[in-house]
Amino acid sequence: MATLGLIEYEESTGVVREVYDDIRATRNTDYINNFWKALAHDPATLQRTWAGVKQIMTPGALDVLTKELLYVAISATNGCGYCIASHTVSARKAGMTDEMFGELMAVVGMANETNRLAAGYQVEIDERFLTK
Amino acid sequence: MATLGLIEYEESTGVVREVYDDIRATRNTDYINNFWKALAHDPATLQRTWAGVKQIMTPGALDVLTKELLYVAISATNGCGYCIASHTVSARKAGMTDEMFGELMAVVGMANETNRLAAGYQVEIDERFLTK
Amino acid sequence: MATLGLIEYEESTGVVREVYDDIRATRNTDYINNFWKALAHDPATLQRTWAGVKQIMTPGALDVLTKELLYVAISATNGCGYCIASHTVSARKAGMTDEMFGELMAVVGMANETNRLAAGYQVEIDERFLTK
Amino acid sequence: MATLGLIEYEESTGVVREVYDDIRATRNTDYINNFWKALAHDPATLQRTWAGVKQIMTPGALDVLTKELLYVAISATNGCGYCIASHTVSARKAGMTDEMFGELMAVVGMANETNRLAAGYQVEIDERFLTK
Amino acid sequence: MATLGLIEYEESTGVVREVYDDIRATRNTDYINNFWKALAHDPATLQRTWAGVKQIMTPGALDVLTKELLYVAISATNGCGYCIASHTVSARKAGMTDEMFGELMAVVGMANETNRLAAGYQVEIDERFLTK
Amino acid sequence: MATLGLIEYEESTGVVREVYDDIRATRNTDYINNFWKALAHDPATLQRTWAGVKQIMTPGALDVLTKELLYVAISATNGCGYCIASHTVSARKAGMTDEMFGELMAVVGMANETNRLAAGYQVEIDERFLTK
């Protein structure tokens, strides 16, 4: 149950409590997931990471669904069980259908395949793909 | 210039020529990039991989831009120089703006950070994120 | 319980018994952890790996705590559950405090983030960082 | 030379100029390395990443040398050429000797080896290493 | 039990049923493993992936045992628990002995070690290893 | 040209010279590749790594060709440019044909694809694949 255990809302104080309150308000739910309760042992990291996630995972040039799909794709590529589970749920909340999930996984599989083929065949970057 | 060298269009025959022609027709360009010219040394892999990419990288429940963004995200996570370069170009062709690229990279960075934090803190998956 | 099962001390003979005895003597404990009991199915690998770990994880230009912190950082980056769990315990024995663990994880998160940003942005190595 | 090119100090304005000035002041040098000049295309990411690095890479429970060693270890594990090159230089500035570098690499190699052995042998986590 | 659950043989229809029947016939067993039952939610991916595996994992220039050993090596390197477990079983069926498994893991460990040493030491590729 | 430069045979002394002589004798060539010349800055790592490679990469339950194929597969999965280049050459010397290389890469691609699909779909390990 996490290296240092989980800090529950009721136990939280100071910066941790502030972040917890912001998570609740931003997500419009009382639920705080284990990731944040584990990070809470290091208030500086909790605060910085939450601020980063909050800043990034909002609609901008890319919408939230696209960002959650990206998160799932990266987590699957890294084999992070926790992140796959939690962001698959977030992606669904943001509108991911079963069909979208299937296509997402298809891209994840194909990209991981061709990434290794390009490396293994030692393919040089085409002149026209080089940034100048 | 690739482990076995590159097979140019002019040298290509049989299955390789067919795939090359299909790449040209599908992409509406005479240009065939190095990746395919390297794979051409193994016609079975060339054909299967191209068929897979063609099937997957078309509009479906997800549009082509979203799929190209996913491709770049995975390639950056895997550190595949060739794939980052080529799919960044593809993503641009599919409509990726500089602002979108910035947000894409922000998600890539954040997801890679939190993936490792979740692993390092040994965070257990929340009951509610478990698939049943 | 490991692919080939675990070989307990009582069952061990020959080279395996010698390595087990050396682990016990070196670590000043009767406990032998599962990793070694699993490797014991291949005495050559058991012996070579233990000799390597014993040689490396001793005080030298770097102290043992620093080396254990490095081990945890790498294990978290690779997502190796076994190694994160066991080396977090070893790091604590070597003196890692909760505060050190927090800072360790902060570096792990940040390095994984910037590693992927550098790759995704295709940043060229500065002239002055090149080794000659 | 980076996907979107590099933004030089002279061209920088607004938030980017502020971050550049802070990098110069904090590091006590006029030199700004390519990583930041590439990120500058996305001022939000530049600012957030620099703030994170500045917060983390300062002396705390762990000293700066230890943090730089961790950075190199992670970058080598991820195969990030840019980050290996730049943080090896930073680690030297923080006091890393050739002998320390050798021991650092020895741990990097050994940890990557045993991480995969633990996975491949499917070793279960010892009861006593489980966090509660 | 997989993100979208598992589709059992009895529930399967259309393309999924066809693939299931082909898996059974090809492998000469009624058993269909969870991987395929999970992929079945996306019939296109199920069909394409099975066709690829069937094409690749047959005797050719390399025999099936060698291919299964490669599969285990890659899965251990990626830390994919499911794939390590299932392909270790497949490798045994193809003739892998305990001794072969030991040597396989020894190579996996050593290659992962030297891969990171080469990266960390920033070793340049020898002229004679360059493909032309 | 490697972080600490390369130590040439002519400059080598003591343990380094002994290892160099053993490399030359074992491989029946005067050529020593850059990897060893870079490691030579840390004689303990040079000696231990060479002893490990020499012990592992000899014919046993698996022949040398199979071991070199595994080395290339792992190096491609890790994206290690140096190791892909050098072990592709070693594999050729051990008998790898172009056709074998093609099949090797096909397995590398497919395994990397299905590794991520298994993770992304959160597929549970089948009862019968569990080790007891």
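All chains are identified by letter, namely A, B, C, D, E and F, in their written order; residue positions are counted from 1 within each chain.
Just so it is clear, contacts are C-beta pairs under 8 Å (C-beta built on N, C-alpha and C of every residue); 3 or more make two chains touch, one makes a residue touch a chain.
These numbers come from a predicted model, not from an experiment.
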item	value
Steps in the shortest chain-to-chain touch route ending at chain D and beginning at chain C	1
Per Cα centroids, the chain farthest from chain E	D
Farthest chain (mean CA position) relative to chain C	B
Option in C-D, D-E or B-E whose residue-number contact pairs overlap A-B by over half	C-D
For chain B paired with chain F, centre-to-centre distance based on mean C-alpha positions, whole Å	27
Whole-Å gap separating chain B and chain C, where each centre is the average of the chain's CA atoms	34
Two or more partner chains touched - positions in chain A	1-4, 44-45, 49, 52, 73, 77-81, 85, 88, 99, 102-106, 108-110, 112-117, 119-122, 131
Residues on chain B engaged by chain C in the complex (per definition of touch)	72-73, 76-77, 79, 81, 84-85, 88, 104-105, 108-110, 112-117, 119-122
Chain F-facing residues of chain B, complex	3-4, 41-42, 44-45, 49, 78-80, 131
Chain E to chain B touching residues, read off their complex	1-5, 44, 48, 51-52, 55, 131-132
Residue ranges of chain C in contact with chain D within the complex	1-4, 31, 33-35, 38-39, 45, 49, 52-53, 56-57, 60-62, 66-67, 69-71, 73-75, 77-78, 80-83, 85-86, 88-89, 97, 99-100, 102-104, 106-108, 110-126, 128-131
Of all residues in chain D, those that touch chain F in their complex	79, 88, 98-99, 101-103, 105-106, 109, 122
